[in-house]
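One chain, chain A, links the two complexes that follow: it is found with chain B in the first and with chain C in the second.
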Partner chain A sequence: MLYDLNVPWDPSQSPLHLQRTISFLSELGYDTLALNHTLATLTPQIMNPIPLVPPFTIPKKTVLLRRCTLIIADPTQNHRLPALAAAYDIVALRPTTEKAFLAACLSLDSHSLISLDLTQRFPFHFKPKPFMTAINRGIRFEICYSQSMDVSGDGGNARRNFIGNVVAIVRATRGRGLVVSSGAISVLGCRAPADVLNLLGVWGLQRERGVESLGVNPRGVVINEGLRRTSFRGVVDVIEGGEKIVKENGKGGGEKEKRMQGTPQNGVGKKQKGKRIAEETNGGATPQLSKRAAKKANGDLTTTTHRRYPQQATSYTRRMKEKIW
Partner chain B sequence: MVLDSDTTMADQPGAKRKHDKHVKGHEIAAKTIKTPPFSYAHLQLISDSDNIKDLDSLIVRSHITAALTQFLGVTGSAISVDILKVEGTECWIRVPREDLSSVVAALGGWVGGKENEDKVGWKVKGSGNWLSILVGERGREGIWKE
Partner chain C sequence: MVRLKNRYLLVNILYPELGGHYLQGRKAIPDVVEFNQPTTDALTAGALMKGLKAEIANVFGDYGSGAVSESITVKYLSPATSTFILRVSRAHYRIAWATLSLMTQIPVKDGRNCVFRVVRVSGTIRKAEEEAIRRARELILKTRQQLGEKRDSILDDIFGSTEAETTKEEDVLTVDRSDSEEEKDDSDGDG
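The block that comes next holds the complex of A and B.
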């Protein structure tokens, strides 16, 4: 399962162009793509301009996520990161100064990707310490490989700076904790995974680490961001699906039915709040069994939990309790 | 200086004894740096002609970039080289440790200068992981020459 977490999205982009890029990436083997909206300043009302459902058809197995990259220069300003995190599926930061970079690595909390603009020359050296601290906290560093093919403008400096920065990052992190994405504004910037691995291998990224950075690390980012938005501190996850309408609680069942129909057919469905609608207590005559207990009493086996991310295993104790193996 | 301090100590024997009581043992901490982050090189520009103009940072930068590009292409020119000091026809540079061998090879094998002008080249007078040793080696050359 390969991820490409940076497909640049722009309000003024032509949808046909984007569709071509998405379908080409899907053909190359990238299943989950994230449309990236780069923000330099924040509007007073934070809204996600990327449409939930794209205005064109996308290949069946492709999952589209919505991401934003915020450019920060001064960490002391209030960037309203939590509000940003609520509007987008993934939040990335692009620090431009050393102070902002250290803040993003060490203290700021609402993001899980640091995506430096590697075509710029940075006034500071990349030391291993802040990088490894960030990686241990769960933040990943992004490398957009299409920037290495940017021969236009700036007298070829973009390529030179990119190579120097990539070499420095790979040395500082020893190849761990990296996420590789395309950053491709057109189909010409997209490369197949094997090509990407070879290219980055030239600049010091070992093959195994490269494979990790295309699959394992971005998956971690996507799942972590999802957990952050739908669960309480990663412990309590909201389950949904597989609920049969209980005939006793007619009113409550009706509400639930409505909720299930209202589920948007999004590939991942992360945007829902998923909070249970508060049940209205009935007359008081019937004993207050919880819905779950009521269903169990009816012999309903569909109360088994559906994890949102099928790869995650249910815990041992829970499996014991529900006797699933 | 040492004699002076001895006499002052002798004048105040009481103070010395008090000082002795409060002196604690020293903790010895050892740290081994196996992989220093940077390596250093000491270069000299040599030329066909008799008189070379004194170097400045810009000329050093352009010559080093030309040498690296000729040997290693874009990746070579992407190696971060910090120019520490330029003095006369010599200069000291700092590169990341992993790049030292490539940089020394590139500089050593480069011949520059336009067609109708005199050729120039770099002579690598020393390279290593520690700058202090490089600087100390300067004096070593003069010992056997005269």
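The block that comes next holds the complex of A and C.
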């Protein structure tokens, strides 16, 4: 599973181009895409303008999510992030000043990505401390590789700045906790995963870390954000919900109640908006499955539940233990 | 004498942009076909080499051009399938690859916008060739799949239609069984 968590979306953008981008990314092997809406200022009423179902057909295996990126310069302002988080599937922040960057790393909550605009030169150094604090809090740093194909921006310095910033981020994080996405404004900015890994390799990111930043890390972001929205305090989520009581007309007119296990699809469909179904159905096994398939599904289940544990869960369980003992 | 080690990059040229003049006015073409259009004949091995070297000089400067200039050659170029094989020395193939990733245009006059996708890096040219053939086959199958959901089966087209459905099922089952046995063996070994 490969993720591209930044496919720019704009209300004025023609759906044909968006469809082409989605189709091309799917052809290249990415299957979970997040449409990204960038906000510079907040309107008083927070609404999500990205349609749940796009007005065109998308490739079969592709899952679309809705993300918003908020540009913040002054962290003291009230950005109503919880309201944003409720409206979108993923919330990212784009700090433009050092103050905002530190706030996004250390104090602000309810976002899971920090997406710096790497084509500009930052007037401050990237120090490991805020980076690692943020990563330990479960926040990931985004690198949009298509920015490196833009040569003209910032007086011809865009690519230089981008590479310099990427090297600095890789140095500060030692390659941990990165999310690599396209951020491709036009479809020409999209590259195949192998090409992206090679580019990052040339810029000093180890191959394994690169693979992680295309698969495991963005997956963690998607799952955590989903869990944060649907679960109880980010700790417990019901996957196998929806036990249904079915009334059957037995012999002699007596009514027998039979408990029937709802299919996992039902349970998930009720709990969630139906988009993350593809993510979650891995976890459940229907009784009709063959032994082999069931085994496979079980294997999946353990891995999913394992990975699905968010940061909060561990700290919460730790707290509970301390309370008890 | 130690022999020179090379890497062979098998590269596909993809055309993701909307509405190429090649396909103007023709509807209902699968996206796969549109991405894999033929390249203009103006792209010769020499032109490609020249463009690539210029881009390497642009991105990696004198150091990059010097490092690869000894070894870089276009070994095979097929505009019809938009495929080429590039030979670079093993120590510096990443330079050539990164440059290809950063290129967005066919290096000819008024070249179309495109994406260079490296699909295989191998140590021998034979493996690269085999991969090219395999991919071409796969592409045909994929296109048929997207085009011909109306047809019953693609396999029928290739191998001729077969009536004996039951034997097919049996085959599938046996394949399945042996697979699961293997799996069991594996798990036993693990335990």
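In the analysis below, the second predicted complex is superposed on the first by the 238 of 325 C-alpha atoms of A that agree within 3 Å, B and C clash if a C-alpha of one lies under 4 Å from a C-alpha of the other, contacts with A are read in each partner's own complex, and residues count from 1 in each chain.
Criterion: a residue touches a chain if its C-beta (ideal position, glycine included) is under 8 Å from a C-beta of that chain, and two chains touch if they have at least 3 such contacts.
Keep in mind it's a predicted model, so treat the numbers as computed, not measured.
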Contacts of A:83 with chain B and chain C, given as first, second, both or neither: neither
Most chain A residues touched (candidates chain B, chain C): C
Contacts of A:52 with chain B and chain C, given as first, second, both or neither: neither
First, second, both or neither for A:73, with chain B first and chain C second: neither
First, second, both or neither for A:40, with chain B first and chain C second: neither
Which superposed partner A:202 touches (first chain B, second chain C, both, neither): both
Which of chain B and chain C A:164 touches, first, second, both or neither: first
Chain B and chain C footprints on chain A, overlapping residues: 202
Chain C residues touching chain A - in the complex, by the definition given at the top: 14, 16-18, 31-32, 35, 94-95, 97-98, 100-102, 104, 113-119, 176, 179-180, 183
Residues of chain A defined as touching chain B within the complex: 125, 127, 156, 159-164, 167-168, 171, 202-203
List of chain B residues in touch with chain A within their complex: 37, 74-75, 77-80, 96, 98
Touch list for chain A against partner chain C, complex: 16-17, 20-21, 23-24, 27-28, 148-149, 186-188, 190-192, 194-196, 198-199, 201-202, 291-292, 295
